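Presented sequentially are two complexes of subunit A, the first with subunit B as partner and the second with subunit C.
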Partner chain A sequence: MADTLLQGLPVSALRSAAPLLLVLLGECLTQRVGRINLGVEGQMLVGAVAGYGVTAVSGQPWLGMVAGAAAGALLSAVYALLTVAARADQFASGLAVLMLGFGVSAYAGSGLVGLRIEGFALGAGGTTPTLWLAVALVPLIGLWLYGTRTGLVWRAVGESPPAASAAGITPWKVIVAGIAAGGVLSGLGGAALSIDHTRTWAEGMTAGRGLIAVGLVIVARWNPWLTLPAALLFGLAEALSLRLQAGGSAVPAHLLHTLPYLASLVVFAVTCARLKGGGGPEALRAVFAR
Partner chain B sequence: MKLLRHLAVLAFAAGTAIAHAATIGYIYVGPEKDYGYNTSMDLGRKFVEKNIPGTKTLHVENIPETAEVEKVMERMIKQGGASIIFATSYGYLDYAIALGKKYPKVAFLHAGGLKTGDNVGTYWANSDDAMYLAGMAAGAVSKSGKLGFIAAFPIPQVVRSINAFTLGAQAMNPNATTTVVWTGGWLQPPKEAEATNSLADAGIDVIGEQVDSPMTIAQTAEKRGIYMVGKDVDVSKLAPKAVLTGASWNWGPTMLKLTKEIQAGKWKPSHVRGDLKDGTVVLDPFGPAVPEGVRKTVLAKKDDILKDKFIVWSGPMTGQDGKAILPAGTRMPMEQLESMNFFVKGVVGTVQ
Partner chain C sequence: MNAARLHRSAIALGGFAALAGAFFLLIGRGPIDMLVAIAQASVGSGYAVGESLLRATPILLCALATLVPARLGLVSVGAEGQLYFGALAGTGAMLLAPSSLSLVLLGGVIGGAVWALVPALLRVVADVNETISTLMLNYVAALLVTWLVYGPWKNPQSQGWPASIDFTEAARLPLLGESRVHVGLLVALVLGIALHLLFTRSRWGLVLDVLRSNPRLAPLAGLSVTRQVLLTMVIGGALAGLAGIAETSSVQGRLQASFANGAGLSGFLVAWLAGNRVLPAMALALLVGGLLAAGDGLQMMTSVPSSAVLVVQGLMFVAMLGAGAWKKGGAGG
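Then we have the complex of A and B:
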């Protein structure tokens, strides 16, 4: 049993984690500029449906990924309009975007159910291109955020928009860019889910993964480098809960299904206890103070 | 969003439901276009609408098995004018029983329950025969003798499918085992994909399933180069190499008969059960991986079932733990069958 359990477990965990990792990276950037976008779940869904539809019609999975990213960005523009231009409450706006994404994707997807797509070919050890894409983006975004001037500007806006403004930065532009980056990445995450991971479009198929990403940003301490272990924690727990069963374990399935949430909670509690003050961008706190 | 959709459906219904004697409400637990369980129920709805001129149907999808379904049913009755309600999901039963008492003039039909009321009946079709036959194909095609089964929740109807599948496989290969993976949800494509991958990694080469939509498992199995047996809807066009056969639904005739009885005032609530014999359950066409000889054996067994020469749920039958469940020569009573909470010998996993 131990053999079947460990065999392929790392790849399995990565496969489960990859779509989530993309969304998590996106939400990490959005929160870095001072916005918590609860709408990523909806952005993920429109990314999934657009990616699946374009792949089915064109036969080109990469074109589908681009379409998914565009659809996610389009929906995040709604969030930007609400929270930046109209100065609406960001939580209510996020929920509105979530529901809009759910409805729009269900409507657009109803004609797509049951189409056959080829998707990507399997690579070594059962890996897929979207898995590598997600993993490769972690150091790219990490280096960019901590090692470039633009990255510094984004972080400055996230800490204090007035201070950034005094330094000659236009905060709203940076905030919109952060929201857009979140839209692109959550759309990509959705497209990875439908085109690569499941090769299926099903209504509401993200099943809460977007909202989980919002919570995992805290576990990752708003640090792109830490999104990989945070997403892996969830992916590993999910893969393990299925793999233990596939390996014939006698542990009750109900208990196993709580693993991903339990693991995240434990890490969350431990890191919060150790890091006084939370460690998040300062501007996020203004949300609560308002 | 969901609420808006319900209101729109019902507002439309209220405005137009005057001329017809019968408006029928249908409630689905998942999307009507899931290419699986809910699609099969919706095909039944369309069949009824087409075959009884003047009958109108309302339908709402994505209604959880909570008090929300009670509100939806009540709105269908009060605002939509529905006099017949098809509550198509397992967890809707108690809400249908409760509303049955409140609305004695409305007929409620629940899919697969074991309780009735003065105006609440149930309908279901036993897939066991077809799952047994599909299991035979699975057991014959499997090289490792290790089969898998991906399922949503351990309810009796699912446990029966797993057992029937395993018994069928063992008819072709006495050493065949079935490893069960629960996903904990009726529609969980990401988990279904990873469950298929996990089983494939564990050396399992044929997978049965009972979740709402067979799409993800079929396509993941095809990608991994293993086989699968479908349920609810034939998905061979999505995974032509992987699909061996399957057990599909055909609800139309049952729903039509019940509706006609109710409209004629001749209906008495009871447990209506269809099966392979009356065509409510269909054995899907064989895929190319099933050899000619195996097809013949399976079809011969199907013939035996149709002629009552073979009964799946008959003794001797042994439980997972090796203890006898049924003595030789006896048939399993319906109550035991419909409340099944045990696995037969050769199933790996836990009924929780």
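Then we have the complex of A and C:
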């Protein structure tokens, strides 16, 4: 029992984590420029449905990934318009975008329910291309954020828009770019979920992954390098819950499915207790300071 | 002031009509026809009005549930989970005491309060951001309900359909007259007015206002933020729990999976758009309820899937948020 439970667990945990990791990286960049976007859940959903639909029609999973990214970016533009142009509240705007994404994806996907697609071919050891994509982006984004001039500009805007402005940066442009980056990556994450991980479309299939990403960014301390372990935590809990279920565990499936949420919440709580509100981009504290 | 508000409403309404019209054109429907059909399906008949009020009830209670902690400056997004856990606890009470409506309602209220107490304690003890903890707990509560109705509480007579046994006649919330609208609506309206009076007239309302605008004043004024965090979160949870048990014991008549239909999130947006003021939240909840009820009618009348109405609801919130913040923005960034 213990053997079958643990065999290949790292790879299945990574596969469960890959869609979340993409979203997490995106939300990490968005929060770095000082915005908390709860709409990533909706962006993930439209990414999942667009990616799945395009893959089903064209038979090209990579084309589907591109479509997913585009759909996520498009929906994130609504969030950018609301929070940057109209200066609406971040949380409320995020939830409105979430709702819009849920509705749009349910409407667009009504003909896709129950359909199955080919998706990507599995690589060595059961790995998949989206897994590699997600893992490869971690060092790329990490190096970019901490090692380049534009990375510094983004961090500066996240710390203090007025100071960045004084240094000749136009903060709102950077903020929009950060939101768009989040849109692209959450759309990719959604597409990775429907095209690669589940190979099917179902209404609301992201099941809170986007919202969990918002919390895990804090666990990862807004550091792209740390998004990998944070996403793995969720992936591990999910992979374990599926295995326990398949292994005929005495604990019912629906209770096991609470495991990833509870595990994320516990780690989140421990992180918060240790950070005590500090550690994030300064401009975010304006959101949290109450 | 009033002119500004009127101006804003006009922008929101115009923006919404434009967005919704564009969406209807996109899916190949006449925008005017669809808007008329929506109006008809929400207030066009006595039955339609009843359905609108029915959909508005949990949204109003969830808006109040969001609004109470928000008066202290807390951003709780947990009404949905509290609604589920309230329904769960109330159903548990019904299984134990099948003929006591008051115990069932009490169970619902306490269940919602307990589910809200978790993020409140996390906030007080470990400084855990309540927005994110409540979001995660929403999924846990919904999964607990799903587990129960597929497993231990599944009605053996329901032939595969996952639901608890039917509530006994005695444990059902009474209906208003001949309609499907239940007493919960009246309770929600009364509670709303009571909260409005408390916020605007009582010492407690002032305490919340003071703490929201400057938490650092608290120790100087001899006030305890901790106590208010726990109190407002628990009151909010109790209201959402009431929404859950009212839906279950009246509209559905049994506990089912995913019955909330996003009432918690709609409630959050209603509360926020109302600026966390009770009276505007009441009006907005009725509006959103009407729109959602129209969705069900629309599906029958025009064969547009109800998910299209979710899109329209989302567009409505987007238009209102955009318009609401416009005047603050003024010129420049």
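Here is the rule we go by: the second predicted complex is superposed on the first by the 263 of 290 C-alpha atoms of A that agree within 3 Å, B and C clash if a C-alpha of one lies under 4 Å from a C-alpha of the other, contacts with A are read in each partner's own complex, and residues count from 1 in each chain.
Just so we're on the same page, a contact is a pair of C-beta atoms (placed from the backbone, for glycine too) under 8 Å apart; a residue touches a chain by one contact, two chains touch by 3 or more.
This structure is a prediction, so every number in the text was calculated from the model and none was measured.
Participant: Considering only touches as defined above, state whether A:Met99 meets subunit B (first), subunit C (second), both or neither.
Facilitator: Both partners, subunit B and subunit C.
Participant: Given the touch rule stated above, what does A:Leu140 touch, subunit B (first), subunit C (second), both, or neither?
Facilitator: After superposition on chain A, A:Leu140 lies in contact with neither partner.
Participant: Looking at the overlay, does A:Ala167 come into contact with subunit B only (first), subunit C only (second), both, or neither?
Facilitator: neither
Participant: Go through the superposed model and pick first if A:Gly8 touches only subunit B, second if only subunit C, both, or neither.
Facilitator: first
Participant: Applying the touch criterion given at the start, work out whether A:Val214 contacts subunit B, subunit C, both or neither, answering first, second, both or neither.
Facilitator: second
Participant: Kindly classify A:His257 by the partners it touches after superposition: subunit B alone (first), subunit C alone (second), both, or neither?
Facilitator: The answer is both, since A:His257 touches subunit B and subunit C.
Participant: Going by the contact rule set out at the top, does A:Leu152 touch subunit B (first), subunit C (second), both, or neither?
Facilitator: Once the two structures are laid over each other on A, A:Leu152 reaches no partner at all.
Participant: Counting contacts the way the document defines them, which residues of subunit A are shared by the two interfaces, the one with subunit B and the one with subunit C?
Facilitator: Subunit A residues touching both partners: 99-100, 102-103, 106, 110, 203, 207, 252, 254, 257.
Participant: Which residues of subunit B touch subunit A once you look at their complex with the stated criterion?
Facilitator: Interface residues on subunit B, with respect to subunit A: 1, 4-5, 30-31, 33-35, 62, 148, 154, 179-185, 187-195, 197-199, 201-204, 213, 215-216, 219-220, 223-224, 237-238, 348-350, 352.
Participant: Going by the contact rule set out above, which residues of subunit A touch subunit C in the complex?
Facilitator: Within the complex, subunit A touches subunit C at residues 38, 78, 81-82, 84-89, 91-93, 95-104, 106-107, 110, 171-172, 203, 207-208, 211-212, 214-215, 218, 252, 254-255, 257-258, 261-262, 264-265, 268-270, 272-273, 275-277, 288, 290.
Participant: What residues on subunit C touch subunit A, complex-wise?
Facilitator: Its residues touching subunit A are 27, 73-75, 77, 122, 125-129, 131-133, 135-140, 143-144, 146-147, 150-151, 212, 215, 262, 265-266, 268-269, 272-273, 305, 307-315, 317-318, 321-326, 328-329, 333.
Participant: Flag every residue of subunit A that touches subunit B in the complex, lowest number first.
Facilitator: Those residues of subunit A that touch subunit B are 4, 7-8, 12, 15-16, 19, 99-100, 102-103, 106, 109-110, 113-114, 116, 119, 122, 126, 193, 197-200, 202-207, 209, 238-239, 242-243, 245-248, 250-254, 257.
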